[in-house]
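Just so it is clear, A, B, C and D label the chains in written order, and each chain counts residues from 1 on its own.
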């Protein structure tokens, strides 16, 4: 698109050529989606959350389709950070992708160790940002999700920040399953996050009526897809509003939740997102991230908006 | 349906002929839906939450369609409890409907006053239960929704219970927008609720892209419809599981959230609901409550289940 | 405006015909139950897509015509405005669509005999031709003003009965007079002595028509179009501030108490930019807005 | 089983034909890009409904046939099992459907020449007739066992080449022998000396076929059917515990690493009642399951 500046600003000098990213866990670690289209064209590629050790994940069924959405209960299946750094990151670097590496852990210490192993990777230059997926259970706190507790959220970010050089922004990925998301955002930023990714899935469940038992092997699962977009917009709005009001520090927000079209991406942007991830929509349409970027650019052009960045949070101005 | 016992047990001796109710705010106060079909055939009719004084509600737009759901921001428009008791309740009594009266307030004191006016109504015999809609903002607590705070939840129920005779069960209607719904359920029961209605809408938002402002006049709105059913099932499951585990007192749950078919109603039942409400689906199909009851009965019959009550929470047995 | 609520019919209507007319689709549906009961100014609400559609809310359309005596059909005129109307305008003959009706109250007859002016903006003219037939049958002299932004967005110009008066306006002058429907209205009221105006179209047009009517001592009955989730009075989304006979303004449902309102009773000043505020003197208005 | 991942084609395929065959719909789609690249055992994934469908996930179907040289068509055989397949089986000629393919790895050729037994359960026979052609073209002698619960759920009996062997089984005896596909298998392996079995059908059938093959020293290649959200390897929902060449069991994606697996590598004991557990010795299994 000539004449439209799609640059997305993730802060700390990290600029992306366009604001459309994949969502963690919805695009594996790149090779598969690269068969559909060049992932180096994306604003950035967000990897599946990686823990310290290899993870088998849960048994199946791991998913259930729900109205305009789905439930998943994968259990963070993955290779572990060492294999990630040896195999996946070099491949991402080789194809020229900007990687946002999502890290996870069952303890704040594990998060820190994963971050430490990551920043020592030879291909660390390919890492545009680190996304700290604090929407996973904290074994030390009766399995309560880190992102459900301000103290745990802050602690994870503090330990991770201690491992990561200033040049790599840290995004804390928040769960919507909380009474007050602004207080969690505040805690994550206070701990050392440079930005926030919102939202992770909502906790949901589907019952297999014939079998009279939970359908998912893991019982509950994460709800995602267009069904949850209104919740994502609200969460982004609330946190961005708190920033504008000076109640919490200003920081970039990466919006995620139910984005399927360029207009959806715009909606999250106007609510306060500086960039947008596409997740479940990929399962419906593997070219969705590229299509969303294209639709976004077309809209900007046809509406005479020269810079994507000018729209970030623009709905708060009315 | 011959041979199938559809009786639903709301506790305290209140038995309904079938387990399908309307959801508060999705069927007005009866007259309108009665033009579609006889509301006395329903398990019970749940009225729109009523406050002490007449309420204009909010400006418009009051709704936005979302994928497999909708957002609403009505603002509890209604006649006030005196007009309700004078006009609406007698009409419900006259057509033979079993009424579940939903009450609301901006302070716990207002809840109590509404309950007091209600129980003095000449037609109180038509009231099968009272639903205490604590999913509304508490002016005394910076507008924080009562149901987001265990203390406020407990207090409202305590003040209302003091006004209501033992024979009328009180159901506290919970919001899903909390970190730990079991703790709110516990507080409501501790305060004096005899049962729980779950779930109210999720807080959501839609941005009008062309106008670059929130689409709803009220800014945020409540998300409802099939999109949220997985969240309702999960909430019911968690609370019923806590009851089975003895962590909170046993009490009947009325399930609500995204029910569109008899199978959906069964899903909530298997998760732990003793009866089920149909809300947004009415807007799609005004005969939905009757159809759901019919589909439910057909399923029971074709699957050789003689008593609906035997299915309540049955998915926990596996 | 004092009908007793009749039962609402919910029918699985078969599409009998769907033909393009200018910018619109004129869709004929087999729905005898609705055709028999309906009156001009009432509307129908259609479900969109089947049980796997992500669009839950019904879409409302004025009834253009009914043929209760012949094929039991109901006809609507639809502009393809978004996903719901896109699905509806693509319906092929023989397709089934779930339809509720007749909904709302119809146009009232004029209080006094003589002439009436009927104003349709865009597809707002759809109900006006049927209304004209009914008025004429009651001995009323009918004068139409049909307006639209452009010629292709006019509807019904060729359907006006020869004995009726007709003025056509378009914003761009591509057909009829250039300008708004209100431009010729004052002169027409003078000329015909009409004391009653019927109008259907966008909200700003209805407000302007009401203004002219009031200046002229005429009564305007306007068919409003508020976003509706249910169409049957149960959701409370379609409200407008309307002053009642008792002088009190209430947030009033346009689906059950409307869609026809006496223009002078609508609090137009609360309506702007696609939003409707609650007037501070409305019954139960929040303290803050007073 | 060592193909280099080729690009995946995403095409808006036109339905060329949709005809009922027994309990199934045989659907022919115009998708030359996929037809050219596909091999027996691969599958396609279809999106269901358009942009307003509430069903987001793709539905996967084995490729029954391709005609790359004539009309560029791809054919699938679909049972109406739920809302997604209900929509697909109702597709009219000329309708468009978004299709991804070819997906997964195809059936490998036998390690040794001689005879092969091809087993199809229900619509599982759909890919077997094409596979038979390819095997025959490679000088392999083909023997089919086609089975189903009832006669109407058999597929392809009339499509078997005259030179191939054919045994038909139904659970209720309504066609062919009464019983399961595995009943005649042992005798057939003895009689033909086949060392390779190909099977496609329900999981319990695949487990049973693998058992017979192992007892007989034969190799079974089975096409598994796990619930898939994406079909292209990005969602991790379609996994099965599969023992690798290194002896280590991993939760392995059946969409990209399968759907064809060597039967002996699948940890069948972990699969029961529609659920698959993680074996405690699988790589990265949670400590609790050890």
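Simple rule for what comes next: a contact is a pair of C-beta atoms (placed from the backbone, for glycine too) under 8 Å apart; a residue touches a chain by one contact, two chains touch by 3 or more.
Quick caveat, the model's predicted, so the values are computed rather than measured.
Q: Which chains lie in contact with each of subunit B and subunit D?
A: Both subunit B and subunit D are touched by A, C, going by the contact rule given at the top.
Q: If we define chain centres by averaging CA atoms, which chain lands farthest from subunit A? Would you check?
A: C
Q: Go ahead and note the Å separation of the Cα centroids belonging to subunit B and subunit C.
A: Centres of subunit B and subunit C (C-alpha means) sit 35 Å apart.
Q: With centres defined as the mean C-alpha position, give me the subunit C-subunit D separation in Å.
A: Inter-chain centre distance comes to 56 Å.
Q: Mind pulling the residue numbers of subunit C that touch at least two other chains?
A: 51, 54-55
Q: Among all residues of subunit B, which ones touch two or more of the remaining chains?
A: 67-69, 211, 225-226
Q: Quick one: do these chains touch in a line, a ring, a star, all-to-all (complete), or other?
A: complete
Q: Of all residues in subunit C, which touch subunit B in the complex?
A: Residues in contact with subunit B: 5-8, 10, 47, 51, 54-58, 98, 100, 226-227, 229-230, 232-240, 250-251, 256, 270, 273-278, 282-286.
Q: Can you tell me which positions in subunit B touch subunit C when the two form their complex?
A: 25-28, 31-33, 35-36, 48, 53-63, 65, 67-70, 72, 74-75, 77-78, 80, 211, 217, 225-226, 260-261, 280-287
Q: Considering only the defined contacts, which subunit C positions touch subunit A in the complex?
A: On the subunit C side, the touching residues are 54.
Q: Which of the residues in subunit B end up touching subunit A in this complex?
A: 64, 66-69, 71, 148, 177-180, 202-209, 211-214, 220-221, 223, 225-231, 233-234, 237, 258, 263, 266-267, 270-271, 311, 314-315, 317-318
Q: In the complex formed with subunit C, which residues of subunit A make contact?
A: Touching subunit C: residues 67-68, 226 of subunit A.
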